[in-house]
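Just below sit the structures, each encoded as structure tokens.
In the two assemblies presented below, chain A is common to both, partnered first by chain B and then by chain C.
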Partner chain A sequence: MEQIQILKDREKQIFEKKDGGAAFDLSCETTSLSGSVSQRACVFCGSRVVLYPVADALHLVHGPIGCAAYTWDIRGSVSSGPELHRLSFSTDLQETDVIFGGEKKLYASLIELIEQYQPKAAFIYSTCIIGIIGDDIDAVCRKVAKETGIPVLPVHSEGFKGTKKDGYRAACISLMKLVGTGETDDISPYSLNILGEFNLAGEAWIIREYYERMGLQVVSTMTGDGRVDAVRKAHGAALNVVQCSGSMTSLAQDMEKKYGIPFMRVSYFGIEDMASALYDVAKHFPDRPDIMEKAREIVKSEVETLYPQLQKFKAALSGKKAAIYVGGAFKTFSLIKALRSLGMSVVLAGSQTGNSEDYRNLKEMSDEGTVIVDDSNPVELSKFILEKEADLLIGGVKERPIAFKLGVAFCDHNHERKIPLAGFIGMYNFALEVYQSVMSPVWQFAPRKGGQK
Partner chain B sequence: MLLRHTTKEVKVREGLTINPAKTCQPVGALYAALGIHGCLPHSHGSQGCCAYHRSMLTRHYKEPVMAATSSFTEGASVFGGQANLLASIDTIFSVYDPDIIAVHSTCLSETIGDDLQQITKKAKDDGKIPEGKHVIYASTPSFVGSHVTGYANMVVGMAEQFAESTGEKKEQVNLIAGWMEPSDMREIKKISKELGARIVLFPDTSDVLDAPQTGKHEFYPKGGVTIPELKSTGDSLSSIALGCISAEPAAVALDKKFGVPFETVDMPIGISATDRFIMALSKAAGVSVPDEITSERGRLLDAMTDMDQYFYGKKVALFGDPDQLIPLTEFLLDLGMLPIHIVSGTPGKRFEKRMAEILERSPGANFKNGPGADTFLLHQWMKNEPVDLLIGNSYGKYIARDENIPFIRFGFPIVDRIGHSYFPSVGYSGGLRLVEKILSVFMDRQDREAPEEKFELVM
Partner chain C sequence: MKHAKTATQNACKLCNPLGACLAFRGIENCVPFLHGSQGCATYIRRYLISHYKEPIDIASSNFNEDTAVFGGSHNLKLGLQNVTQQYRPEVIGLATTCLSETIGDDVKGILREYKKEQMNAAPMPVMIHASTPSYQGTHIDGFHGAVHAAVQTLAEQGTPQQLVNLFPNMVSPADLRHLREIFSDFSLPCMMLPDYSKTLDGGPWAEYHRIPPGGTPASAISLSGSAIGSIEFTSILADAKSPAAWLEEKFGVTRYQLPMPIGIRETDRFFSLLETISQKAQPEKYDDERRRLVDAYADGHKYVFDKKVIVYGEEDLVISMTAFLREIGMVPVLVASGGKSGLLKKKLQELVPDLEETGIKVRDGVDFVDIEDEAKLLAPDFLIGNSKGYTMSRKNDIPLLRIGFPIHDRFGGQRLHHLGYRGTLELFDRIVNMVLQQRQDDSEIGYTYL
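And then the complex of A and B:
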């Protein structure tokens, strides 16, 4: 396609920051236009990614086989112990089940699985057709919980009932049923829960270690390297620290309402945000200046090591341009800062699920000429990457081959990252990955940026 | 711990599937539709379906995979998805400008009763389909069959909805591709060219999902069967279906509608199945087999005989899709190996029958397909009777690691290795590639594990 045009109805979801340009009113939080090649997923996907890392729980997908097959161990959420979450369990509904209902099959499957694996809890995901055929999964879950003595939690994640964000919400509602059911005797007043950290490539371990070095007790991580028992006593923590704000803010809000636990939003990407995440938490415990003291020590020693290492990358990457298209908007903020610290500018920034406030903040942060998009598609992404002459795209699985076809470097900042990108060491890894891709010798053989060398 | 979840004792399960050896219909329909030039596949259902299918195909091919979605909402599921599909057709033609939209349904749209035939007819009547453009469809409910069924249904859609009869026969043979890789389709075309046979191959994902790096993102890559080619299939002398599950239904459709006679052969994997394919095509096209092909066969046979001692008596477990498993099992037997455990999540009596015939040469072999035939069951069988080799898609790696046995990736999806989209498994050269791969994993293992005194240079 030589001429790439913007879909008329998409105009409101695209904004280019210019002096005296149109008033900023980016449309977002809408469902995608029918017929678009959207990069978004569904409610079920949202629930599945949030709950999946709870490693000692059973995750049973109630529906036809696809939903279970496509989410079988595709997310590198690492566990330090049990790995029951990495198996794929499905009721594999057939035509007769759709006609006569799948409750019996669900019940039988649950009993079989719980007997076989003795999980600490079970999450039952409702898929599209469950919402249509009207299986009462709540009733089945109650029955099985009663018979087996473990929490059996329905997740109302019918794919069509909203967006991926509604799936996050459904997952949080299920988690909230677990929170508050455990003992809190051994929990210190200097404690916290790490929320919205999924332990991709072991990132939660890095963050946990920082907080522990500061003298804080980490009660639970939700849900990276997650354990049912830890979630059950999460209400005993003094503070909720929420990353990936889109997915878990609602749980933090619910916990604040019910248990009076305050929460703060943080990000662990980039030096600036990582340091703030430690300082902000330390500030929450003003009666313990030693916590702040330790936070300072950590930041100082980590940055002292990291800063010189980054210079080589910065020298090579200075002046290069990046495009960012990721799931959540909050991550975009951190990435902009992290890229700037490498001397790079951001020419395209977008997300699948940002809200109006996110996009206003994004606009504030952005340089002149930066294009901001919500719920984009491959045509648009290609168009802006070429027009803005980006050297790098940061995205997920579906964006990667588009970048490579365009002859543009790529960094996966989604489920398929292979190395931790969070924390100070994560900033080093991030810089290294960006550097390796942008500076790779393979590009000398490849037509780039639309075929112009 | 990951690897320790499979219990040795095989118990009857009531419907529960663990670690499936299949996925759902729509992804197959989407893959097939990518084998038409200038086609944008369209998923009539929730947004997630389309995202998952595109992600899975992208992981398998490392290529951009384009498809649109009706983006069902709560309203659509109450009032029906007709408005969504009509709006989609509008959007797609005005923005993405394909020549064809290939719509497939999902469990959601099927359950609420959307009728794709009726809706596409309405789109046509309402003038939503521009002159010279096309919308085809296939019904692919996820709760019936598997991804293979979905592929077959979309290929039937191509045959039924495109083919025409001018009343004048064309000197060409339809080759209907079962679910195979772009590399395999390229190889089929190469063989046909060497034979001098005039063919129409459909679908054809070569040059679509193995597109070169050009600095451009081609929304519609240059490959794929064209509309004139598809139209002409009604006038062909005959059809050869490559695979009784994924290809034959389309051949039947062409026979019924236009009286194009057909023959079904197995997908040409291994020496015997390739022999049968070459014979069938040379007969149908009225051409003789050139020396080139005979020599290629000779080279495969040479490797088979040279290395026979390493294959003989080795036990194999395999899982995957029916049209590949049939000839692959046969090839393993031809090599002197013993396929003893086989599962496929795809249901179907045809498959059962063919496998039963082939497995007569491997007495006592375990075989199961359809619901309950998952990789968990396969692993249980393997724990009860160990094997020397596992063949299957990437999900086999858990089992291979647990059992510490050689593993060859074969089938769909392969998300942790490359090669399948570049190097064929079909034809004699594909057979040679399989021989090399099997030998390599055996010998690598031997080199790794042999005690020093038995560590050999010459093998």
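And then the complex of A and C:
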């Protein structure tokens, strides 16, 4: 078979861990190369995914119809109450709006939608075209906020103004405007905010329950099962616990600066990281040994149940090779550990938005021969999956068909998943899903696995 | 209470560039390329993949702030170069976006420059350029725009030959395969554009493919100028946007405009046209298919008679669906589309003369909240349309029959048939089964024979 070539301008973003290989200097945090078919989306996407789960806010996309249509009910973020976030609102700009400006349409849309749906707040997303036609959305938002009495928050997420990461930042800036506007009288000193947890398939509820069992008060989850009022009083919490650090660390930093709330990075995927998360949080409250005690109890009882269940999967999966390509680099660390606990090795690891520190860590924990990629594309992913003979790919919707075409198993670890993969129960679900895909008898018919060509 | 409505809520349409990318996927060895932000390409890929379950690589010129200020020329050229190198395509299908259109990039000029600059480089792919600003029209405009641009770029004058151009509109890969089969059974050579029957519903790969196999070759599109006729399945496509109209004007290729062949009457019309063009009788296989369909109509007619439905989707799809539903005795109480050609009602009237008397309401340019508001008043028994109607279907407890695009919440949307006697029979079976299932579910007795 012919060798698949890598674009020259992409070479700096690919690294293979080898003895005596090139010094590690993976290029990252740059805009995607034109024509490279990046798996990334845009600034708007970054903002939209972060704010999307706030369930009692109005999310109005200011621009032509596409941006709103493609993000309608897109995430598996569930709500225990209102579900306004699952509707799609757009100013649906037409040619005349582009010529004469969209401010009037934005204003009218906001007034009527707020009247109709009575949201607790409104997020107004700027799309590419707004950055060009120069609508003053800040002014419209101020005006509507004044008239309706609810916070109306502009999100400066013009698609071309940076990368998905800049979109995360824009979302955090909007959230920060809400933080600090609520009452904090009923908040215990033993409390925290869960940041960067989007309640996909109810994951935030699993995590929240662990913390509550430890005796901690969860002030807000941002943004999973999110509520405007909870965000407003988030500054009353004693600690910010940040998962999905790429998206939410900037909010934690802002809150540290403004309200003196310390933060820590955690991950809820895999037994090891899930347990560390609970211990690390417990350590933050040294004057309450009972919290650590409870954390230990939770870990003990959960692991006692889980460990024997995992053995069947481990027996079947030992020696299999996995490729990982996900949005955030932090998740790849947990996935590598989780896969190792199932006896699997990782031959390809990459992310859309990792930073230098992430990739250095990734290199440290990777096995020899592992390929590390930043902002990769289908051609590269296929190349390394084939060359490294991966048995499994972990990714999202866009990566899935690559795996299936090549007769490789797949686990959806992206924001559309419908099965919780976080927490101890999540580790079971993860192992089960990997097992079900890797061990399926259908691969015997795949041409690459000996099936008819 | 009736609310004033400015914003679009739960859109019943997609943006222009999506349709163009889909159509470009139906050209052999072609990479769709969006001139705009990275997100457009990625969102559209994700949206299409969730329906077709196939790899769909769409390149992007990946605008940044400099590009937006100084123009997209540099990024576009670099992107074209990288795509050429990485994919080695024969064709690049270039579609614009709201961003590149608004800053006023002269794409034609940039392409001219690029071709000049790359003169000595390795083989240059053919560039097809469709202008698809997202603030105009809907995905269906992008779809037709891409096909139109492909024909304009590639068609050549030639000695007239036994060849028919077929512009099938936005239908499923299964429909495309069926249309191919029909032409083949008539022994009528056909240039069908687009043809994503393989690229978007193909087999497993023994080795890696940069571009999935299948699609209409550029060389075949070149011959469209020497065809004896063009058939286009549309009622609403304006002359200026119709590739068939362009071929007629430029090369004298006779244009036949037909509604999508759904239902017996519209399929008869299509087959009779094929008989005329091929000067052959309809193959017996299709006589049989038609007979089976008529027989099924008889067997199932009582279940469906007078059932009220709302049908929504692209204008051409709902026009033909309405004709079909009327022919089996169902009442489309509302025919709705997010598209807005301005011709929906007029063209429906041509196919369904008793439109007014039957009380069929027709609305274009609507979103799903409009349709839901209507549903509350009209109390239909069923909804028929793409899977984006599920939200209102669930909320209002009205069963939904999924047809067309997208189908994101059921398996096999790419393999559903809609066209011809065969497609109509499949639709009819599914409609009857939906009624039966509802009867069974609602019955206290739980009949095992229905």
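Keep in mind that, in the parts below, the second predicted complex is superposed on the first by the 446 of 453 C-alpha atoms of A that agree within 3 Å, B and C clash if a C-alpha of one lies under 4 Å from a C-alpha of the other, contacts with A are read in each partner's own complex, and residues count from 1 in each chain.
Methods note: a contact is a pair of C-beta atoms (placed from the backbone, for glycine too) under 8 Å apart; a residue touches a chain by one contact, two chains touch by 3 or more.
All values reported here derive from a predicted model rather than from experimental measurement.
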Item to check | Fit or clash - chain C, chain B, common chain A | outcome: clash
Checklist entry - Looking at the overlay, what does A:V140 touch: chain B (first), chain C (second), both, or neither? => result neither
Checklist entry - With the two structures laid over each other on chain A, which partner does A:I124 touch: chain B (first), chain C (second), both, or neither? => result neither
Next on the checklist: After the superposition on A, what does A:L339 contact: first (chain B), second (chain C), both or neither?
Outcome noted: neither
Next on the checklist: After the superposition on A, what does A:W72 contact: first (chain B), second (chain C), both or neither?
Outcome noted: both
Next on the checklist: Looking at A:L84, would you say it contacts chain B, chain C, both, or neither? Reply first, second, both or neither.
Outcome noted: first
Checklist entry - Should A:V373 be classified as contacting the first partner (chain B), the second (chain C), both, or neither? => result neither
Checklist entry - Touch check for A:P64: first (chain B), second (chain C), both, or neither? => result both
Checklist outcome for this item: Residues on chain A touched by both chain B and chain C 1, 5, 7, 9, 31-45, 63-72, 86-95, 97-98, 105, 108-109, 112-113, 116, 127-129, 131-133, 159-163, 378-379, 382, 397-398, 400-402, 404-407, 446-448, 451
Checklist entry - Can you list the chain A residues touching chain B in their complex? => result 1, 5, 7, 9, 31-45, 63-72, 74, 79, 81-84, 86-95, 97-98, 105, 108-109, 112-113, 116-117, 127-129, 131-133, 159-163, 378-379, 382, 397-398, 400-402, 404-407, 446-452
Checklist entry - Can you list the chain B residues touching chain A in their complex? => result 1-2, 5, 7, 11, 13-20, 22-24, 26-27, 40, 42, 45-56, 58-59, 61-74, 76-77, 84-85, 87-92, 94-97, 106-108, 111-112, 141-144, 146, 211, 213-220, 345, 371, 395
Next on the checklist: So in the complex, the part of chain A that touches chain C is made up of which residues?
Outcome noted: 1, 4-5, 7, 9, 31-45, 60, 63-73, 86-95, 97-98, 105, 108-109, 112-113, 115-116, 127-129, 131-133, 159-163, 377-379, 382-383, 386, 397-398, 400-402, 404-407, 445-448, 451, 453
Checklist entry - Which part of chain C faces chain A closely enough to touch in the complex? => result 3-11, 13-18, 33, 36-47, 49-50, 53-65, 67-68, 75-76, 78-83, 85-87, 97-99, 102-103, 133-136, 138, 204-210, 388, 391
